[in-house]
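Chain nomenclature is as follows: A, B, C and D, assigned in order of appearance, with residue numbering initiated at 1 for each chain independently.
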């Protein structure tokens, strides 16, 4: 049973905000999560309760685990990169050092790590780059070559911390307005990279449109595409069925899978991108 | 038109919390309200918005103005004595120095001040004593004799600040468990005080049961009884009709008057205490 | 499509309102109390509290309970009766230069007509809102608005009494199996517009006293909590009766919320509970709505009315 | 009356539950996912998501919208179909040693009976919850629970198929003019208990895209926002049918909320949306409820069921 193994390590705990820094359009929020850090892998996410006791917001918010540290000054820490979007994420971005937040973590699937050294291309859109730096470290430690492409609409939506850059072999940045890096989209260089044979596996995280475009390009090749999808989630733990996405199995049957427990990391080639938001 | 004169000075403004101190069972909260202080009189109240932007609490909370200061270090200040009761008052009690709260003030009727020096008896129950100290100062400045009786269930629910005590000629304290002052109720000494003729006017503020008991005792005498009533209020400004209380007019007609604009200070002899909470 | 000023007007039958934000009946008393916080002429209309033939002292207290993102009220239509109302409240409102919609409520079909007759010749009234969400004493206290026949009869009676002049806005209850059915009935009977929605029947038990918190036991649920129900009602009724103007209400607290109602099909918006938390809510909402409409490229409010239905249609056509 | 332990059990027909807090259908999936956070045997029962005859893939996304103190969902009864359910989900639940209530939903009166037949001989099931808040394809998609006749027919069919053994709990919709009428009908038709309430029909318009936020346009409103409506429904139905046990639900998030439902007339309480915010909500609520009952001097939960009606009666008698 996938479900019961996936969230086996999940716990609901109160944690302390160690720091909250603005980085471009985002907030980098560091949480003191102790032992739980041992079970957090790149790709997993946390579900955070937002607002105080009297809040009108009844649902948790999902955020990718950007990085974890096992032996920081405070024991295990977990970092989030949060875009102030609506009322819940804005509330979270307002929580300063010392604030307590309630989290359920770690949740969902993690990026699969190749058993043999491979050539990995990591593609991130907006805050989608957050989990990729932690992933890059793991891949490097397994002897993989790690190239990274990041994109966003504009420069302050590129999240690329200096420490993170160290763990990749190459980094290309694209913006749609050309304010940083190359004018264009992350998918622009993809066909030629694949054609050159320098990519064995693509790891992607970002807007659904981006993931879909990458899948379309990767489809005609042998390249494996692991993408972290993002659907609206009410519970994050598999009990509400709101977060589903159409996925085809080996026998050709399309099912609506819960992206909170059978994702967020999914095989891009199985996702039926053109059916997202339609009746199956 | 009573309504349009009463709230003529009312304004809705954001104000800063200057301090928040625990005093017994209560919180003494000082707000920086600037010029508005000029229109605040003993008996008036403020309606405070509770919770943050995402709060599920949609209604304001009413609190009596305990004291005002015209020329404090920060300009005009207003003091509240707040009992942490339910979620709204508890939220208010959690707001520390520097917090911003939104108030509508001053609201409602004020205690009437005798034109000639009179013998005034001020009776407060629980946090009901809060507005009485400010009232005592005004009465003293008009040459009145001011005696005060305070009561509560137990000692930490007696609010009697040292500064306040200076403005009264005498102060008696009653608690129902005898933990402070005399064992008993504020109404115990009342019949004899009235009989002795040392009381011209009673000003009272506290639980409805107490106000009703005082009215019953005062009824058979010539003593005027001005009481500040407390009914559940949804709006505080006269537009919802939730805060009504049965009051008889000179012609004997009983009407349900809004205690937020025709009160909270009312003539105790006109309130139909036995009809409160019943159909008129 | 951006213009500096934008037509925010709304029409209900022959009544024209320069602005689309109205007070919700019973949430602005007779108007005076709010006038302290903004000039009444700057909003679309003051809808008065529902007025009865005789003075009513209403229900005992407690009359309110706060609930998650909402509140219950059980006022029981306290009011001075139509005579005192016409003598004292209306002249004052007329003097404020505001548009006035008088809300009426009766206990029998006939009482509504009696009230309508009293309003017929009163100057300064723009429209009559008929609050049929009250118990019908002739039919076991069943709320008129929950009974298609009774709803029709009330509106027919009022229409006949008023003649063709004064527009009628029928105010419906959401506590029904099929609100579109009720809406059709009252429109057939002569209503020029609809007010959607009145409060939902609710209850709170006080877990200290162990009994119903409100003296009247049940009360009407209002506030943001009910907004999704209100938007659904407006959407359904507008889909069925696109030509009938609707005053949308239920939990509107911001310009965004008002815009949501408009997109669902409301031609104007009424604000009730929000004024209790923010006395200036009506003006704030109206200003925010105006900015939003401009921002989204609408050149008039009318263009946005029911837009969510049309976007929908277009997209479906595109999809095939 | 204070005892250290207190009888919290509830009965529905012949089914006995040691604890009174159940999962709400559709809010615990098949149980496995919550088992990560507490042992399922420690709550009263797992009510499974409503199961259909065939596998269903449900509605497109977005399927949810958060609303003030609540949420909308539009899942469209996604599920594996009864065969796969009985093969995979039930054995696992049975192994957990928890009480199981299977929720069934059909598109025709007949489908409900077919589902009931499949359940008749399954071991480990305590009761069947019949979710009649779904559209009847044989009657223009009108929700069964909104139609007294259809509601009765469904329960009659299920009763006939099940024989006298397995208790039936009929789950009603609040979107009706007269819920007591519907309740009477299904009880007459053979329901042993009632689940009150299902979600309210609601809608959110996305003010960025200018169209309905949910792909399915309308959705079901749940969460604390609807609690006053749920409490009212439970109170009304318990007043009319005091002998019929009720599973009260709608916005229960704390022991206090559960206690409110019990006082209104519920014999047990189900928790839906609250689990999304707090995976341990069911146990937390059950523990808080236990403390509250003790604190208020009740020696058993049964003593508190409908207590708000009795306090009320006494006080009225006293008043004269």
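The working rule: a residue touches a chain if its C-beta (ideal position, glycine included) is under 8 Å from a C-beta of that chain, and two chains touch if they have at least 3 such contacts.
Remember, predicted model here, so these are calculated numbers, not experimental data.
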Under the touch criterion given at the top, what is the topological distance in steps from chain C to chain D?
1
Please identify the chain with the largest separation between its CA centroid and the CA centroid of chain B.
A
I'd like to verify one number: the distance from the centre of chain A to the centre of chain B, where each centre is the average of its C-alpha atoms, in whole angstrom.
56
Taking each chain's centre as the mean of its CA atoms, chain A sits from chain D at a distance in Å of 36
Between chain B and chain D, what's the gap in Å when you average each chain's C-alpha atoms?
46
Residues in chain A with touches to at least two other chains are numbered 56-57, 88
Touching two or more other chains in chain C are residues 68-70, 223-224
Connecting every touching chain pair, does the picture come out as line, ring, star, complete or other?
complete
Write out the stretch or stretches of chain A touching chain C in their complex.
56
Please give the residue numbers of chain C that touch chain B in the complex, ascending.
26-29, 32-37, 49, 57-64, 66, 68-71, 73, 75, 78, 92, 215, 223-224, 253, 273-280
Spell out the residues on chain D that touch chain C in their complex, using ranges where they run on.
65, 67-70, 72, 146, 175-178, 200-205, 207, 209-212, 217-219, 221, 223-229, 231-232, 235, 251, 256, 259-260, 263-264, 292, 296, 307-308, 311-312, 315
Listed in rising order, chain C residues that touch chain A in their complex are 68-69, 224
Contact residues on chain B for chain C in the complex?
1, 3-4, 7-8, 10, 12, 49, 56-60, 88, 104, 231-246, 254-256, 261, 276-280
